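I've put the structures underneath this note.
One chain, chain A, appears in both complexes that follow, with chain B as partner in the first and chain C in the second.
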Partner chain A sequence: MSQSTKPSASRITLGGTLLTLLAYLVAIVMFFPLLWMILTAFKTEQQAMSIVPQFIFTPTWQSFHDAIFQGSAYTHYAWNSLITAVGSTFLGLLLTIPAAYAMAFYPSKRTDFTLVWMVSTKFIPAVGVLIPIFLVFRSSGLLDTRFGLLMLYTSMNMPIMIWMIYSYFKEVPKEIIEAADIDGAGTLQTMLRVILPLALPGLTSTALLVTILAWNESFWSIMITNHNAATLATYIASFRSAEGLYWAKLSAGSVLASAPIIVLGWCAQRQMVRGLTFGAVK
Partner chain B sequence: MGKASLLTSERRNRSARGTQVRRERVRSAWLFLSPLLVGLLVVAGWPLLRTLWFSFTDANLTQLDQAQWIGVENYLYYQDGAFYGVLADPDWWNSVYNTLFFTVITVSLEVVVGVIVALILNANFKGRVWVRAAILIPWAIPTVVSAQMWLWMFNDQFGIINYLLMGVGIISEPLAWTASSSLSMWAVIIVDVWKATPFVALLVLAAMQMLPSDCYEAAKVDGIHPMRVFFRVTLPLITPALLVAIIFRVLDALRVFDLVYVLTSNSSSTMTMSVYARQQLVEFQDVGYGSAASTILFVVISLIAVVYLYLGRRQLGISS
Partner chain C sequence: MESNSAPTGQRHKERGSQQPHRTTVRWLMLPSVLFLLVWMIVPLVMTLYYSFQNYNLMMPMDRSFAGIMNYSLMFTDPTFWDSLINTLVLVFSCLILTLVLGLAFALLYNRVFPLRGVARTLAVAPFFVMPVVAGLIWKNMLMHPVYGLFSWMLRSVGLEPIDWFGNYPMISVIIMITWIWTPFALLVLLTGLQSLPEDQLEAVRLDGANRWQEFRHIVLPHLGQVIYVVLMLESIFFLTSFAEIYTTTSGGPGTATTNLPYYIYLNAFFQYDIGFSSASAIAAVILANIFAIFLIRFVAGNLKAGARS
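Then we have the complex of A and B:
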């Protein structure tokens, strides 16, 4: 099995076939829940609830139709998800790029400590700051607003962003900065014209990762939004309290909620892998 | 990095212009850093301190203004022959046990399965791109969505899992996966392993792809058994990547909330520390008591993280 690096032609025998089969088995197990969700989404509620699960049936768009048009649910939540995910990514980049730049290129004695402190805010369990944040949001009218949620997502993703962007900046050779200095470029100019283009692939994977994390976030969106700013995660989670036949509609909603991520991931697989593993995969 | 910056700063010191440039540097460095520092203090530092303060009061969500300082009574106090407080609450200790059980089992499974999957992905076979894409999916889709999907598949009457298991003959009658007290924790574990194994696998795969291939060729020429090569060569070399994957998974597992909440709600057989704290804070509106639980949770997580990073400092390449 660990004949990993370079299988020679003669090795493609029984072991090779077994390995291929094993790989396909893993892929099927991983993919099956999604496949089942997609199949359920195209069933009627009665078909979904059949005692013998049906693999072959006449597909219907009814559940998608219901999920999108009944009470204009999906579009409202999707819009909120989009605004908060993309908005928090932009705000996050705006805040973390200069900070990471300062720490990577002008380090001081306190840089290591600052970096560790920033990353350590990730240890905080969300429930541990729930009430204070809820109170601040209540008194400043941010409860159930997209802007409030957007700010929470920005701060939630900051530690990861600063860490990743810092490590990408560290890979840029110091000489380039010095050359820019000699040519008389100012700090801001060096950052925007020289360093950012060089670190662009890394920044792209960072942006992709935090957009996905914000899109998928559910704790804060359930806790501090009600309807106005509720995201798709809240919408999907709310199905738990619903009564009666709702599995096909839930599946359709879930497919619609994950579709943007899957499409995004498909188009930018390499960047996404790099982002999801925090820059470890080059 | 230290040497390079030392050299450049020496060079700069030589001219007056250099000093001026450096001063401007420091100023813009602080300018660049401050928005982020202020932001983190406002959304992380201050709320955490406020929670700490609440944990020493009898604050209630409906009457927060009348909160009175009561010392450590939320944590532990003794009255008329009995102990009270979070640390004397059997439900709290049950949630601690559940969280630790969940963390140990899921992280171990994710590491073992993740390494195996990485070994498979590292080999050459037809359709590798597709397999890798399929493996990405569980990690990328929203946790709430996967929790709902599995809830549906675990459904005792109409769920596909009971149907398949009965079809193969492993079980003879439908199991109540998410409702039964003995099974529900395992249901949560299965979903978490399904969801997080890809993350471990991808990190380990990245490390494997950077390994020198000549070691393997030498081992092959010497006719060393692949298992031996794995334990003697591959495993030691991928240990740093594994340690990074483990700390991320441990921190996430210790704080686990949404998966448990969607799959089994407030059921005591799966209640984790985060779910316990939320129930106290939101449903019982006992801000003081819930804050004490949250504070203990934070302390436990920080302690584990610090001890882990200290023990693994050499492998992880942490200098100080």
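Then we have the complex of A and C:
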């Protein structure tokens, strides 16, 4: 039960070996549902739904082919997911970079309050604003539009973006901005030419994190989209009524929807921790 | 509260000295502030307004001031209380399970062993899956009473298969959400463990502390803040669980897994009762705030400590 990062790893003990095996077992158990989904995606529908599970079978790409090309317009949903996730990330960056910049480099007495207020809007549950947003969307024709969903995703992610970008800006040494000010560079110029390039890694990881969150978002997409702006989350949720049918196709669709995000997520683990814990842990 | 924080820029002091930028600064802030006002605060105020209205979409012409009627109806609706209890059961069960498992897993993965990176990567994967995908996989391919893998496992050791979502709906939902969120606790706690100062451990080891004392007196206090953050954040997410329930049990059987968000969804989209569902939405906001207030204080403390140092 060694908790340290650098234990005497060279000493191989029975207890240590058992703990290592336990760690492997945990990994296998946690990953197993996903592995089972991947296996099912390569089966035929008959193999996918059999009383005795098929572990050995001839893999087929048929379900992927069906999921993408057969009727359901998979590419349409994937495109919607991409547009709303990437679009809301860009809009969010556009809105939050100037605000975070102002708060990090030109704080006033109200800055603390404003920042905490912005972050605290994250804790308004989505159901708290669902009804008016649905009604306003309905009367203004925004229901089932990519624009409406994109705006909702932006507002959902803004608190996290503000906080993360603010904390990355705070890490830029203040001498740099003072030097730029003395050189007579305007605020906009300093921001674009000096600070943004320095904070670029932080901005990139912020963008990555919120893209993942928007891509996986399921509440708003189920509530306000139906077909036109439906994302992959809505599409996959539509399988819920098809009891016992199309499991292979469902799995193939799920693999296609999850795989890119799992890979991105693996790359962004550290940023995820930092962003989601509001900087308390990094 | 201050000790953990100051993560952002200890090198900096207040930069209020430069004043010529005041107007520019306002213009930089304005878009974000306006956006959050329009998309979060205005709708929240509208929800509050609707909650005092007689307003049903079936009879949109009959709108009138309702006083506290929606609230009194809500408090006398047994389903409301069921959904409130379900919400709390779900939140607290998942909190305990994810924390205990997450801590155990974090301790396991903080050791050095071959292929540690691969194992850890596999173990955290569930966190990156959409809730709807998780829901449908667990419901259909794992927990299905006939074709599910768990049923086959039970049958192969001679036991009766279990209709998970039929007979143990809440437990099934809790297991599934725990599967999704344990990786989050694991990731955060592991990051916390890795920032544990090695010299403190060395010191107690020299004092002859055993592994348990080491864990109890050094590791656990160090993780205190991290655990606090995990609990607070997870509670916010668990309070708003929706897609996991929507894709598996649809709140049933009966009201067995109807939590507050699902209750609001049913009243708004199936009863078309805007006034009543708005009152429940306000109840959900208040409940979330009871949890969030601690977190907001924590974030604010973080900020002040950052500014002071």
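Quick note on the criterion: the second predicted complex is superposed on the first by the 255 of 282 C-alpha atoms of A that agree within 3 Å, B and C clash if a C-alpha of one lies under 4 Å from a C-alpha of the other, contacts with A are read in each partner's own complex, and residues count from 1 in each chain.
Criterion: contacts are C-beta pairs under 8 Å (C-beta built on N, C-alpha and C of every residue); 3 or more make two chains touch, one makes a residue touch a chain.
None of these values were measured; they are calculated from a predicted model.
In the three-chain model built by superposing on chain A, chain B clashes with chain C.
In the superposition on chain A, A:167 makes contact with chain C only, while chain B stays out of contact range. After overlaying the two complexes on the shared chain, residue contacts for A:119 are found with chain C alone; chain B is out of touch. By the touch criterion defined above, A:155 lies against chain B and chain C together after alignment on the C-alpha atoms of chain A. When both complexes are overlaid on chain A, the residue A:204 reaches neither chain B nor chain C. In the superposition on chain A, A:60 makes contact with neither chain B nor chain C.
When the two complexes are overlaid on their common chain A, residue A:270 makes contact with chain C while staying clear of chain B.
In the superposition on chain A, chain A positions 1-7, 16, 19-20, 22-24, 26-28, 30-31, 33-34, 36-37, 40, 48-53, 95-96, 98-99, 101-103, 106-108, 112, 114, 118, 120-133, 135-136, 151-152, 154-155, 158, 162, 170, 174, 181, 187, 212, 215-216, 218-219, 223, 232-233, 236-237, 239-240, 247, 250-251, 254, 257-258, 261-262, 265-266, 269, 272-273, 276-278, 280-282 are in contact with chain B in one complex as well as with chain C in the other.
Chain A contributes residues 1-7, 9, 16, 19-20, 22-24, 26-28, 30-31, 33-34, 36-37, 40, 48-53, 94-96, 98-99, 101-103, 105-108, 112, 114-116, 118-136, 151-152, 154-155, 158-159, 162-163, 166-167, 170-174, 181, 187, 212, 215-216, 218-219, 222-223, 232-233, 236-237, 239-240, 244, 247, 250-251, 254, 257-258, 261-262, 264-266, 269-270, 272-273, 276-282 to its touches with chain C in the complex.
Of all residues in chain B, only 1, 4-5, 8, 21, 24-26, 28-33, 35-37, 39-40, 43-48, 50-51, 54, 61, 64, 116-117, 119-128, 130-146, 148-153, 157-158, 160, 163, 194, 198-199, 202-203, 205-208, 211, 213, 216-217, 220, 226-227, 229-230, 234, 241, 244, 248, 251, 254-255, 257-258, 262, 265, 273-274, 277-278, 281-282, 287, 290-291, 294-295, 297-298, 301-302, 305, 320 touch chain A in the complex they form. Contact residues of chain A toward chain B in the complex are 1-7, 16, 19-20, 22-24, 26-31, 33-34, 36-37, 40, 48-53, 95-96, 98-99, 101-103, 106-108, 112, 114, 118, 120-133, 135-136, 151-152, 154-155, 158, 162, 170, 174, 178, 181, 187-188, 212, 215-216, 218-219, 223, 232-233, 236-237, 239-240, 247, 250-251, 254, 257-258, 261-262, 265-266, 269, 272-273, 276-278, 280-282.
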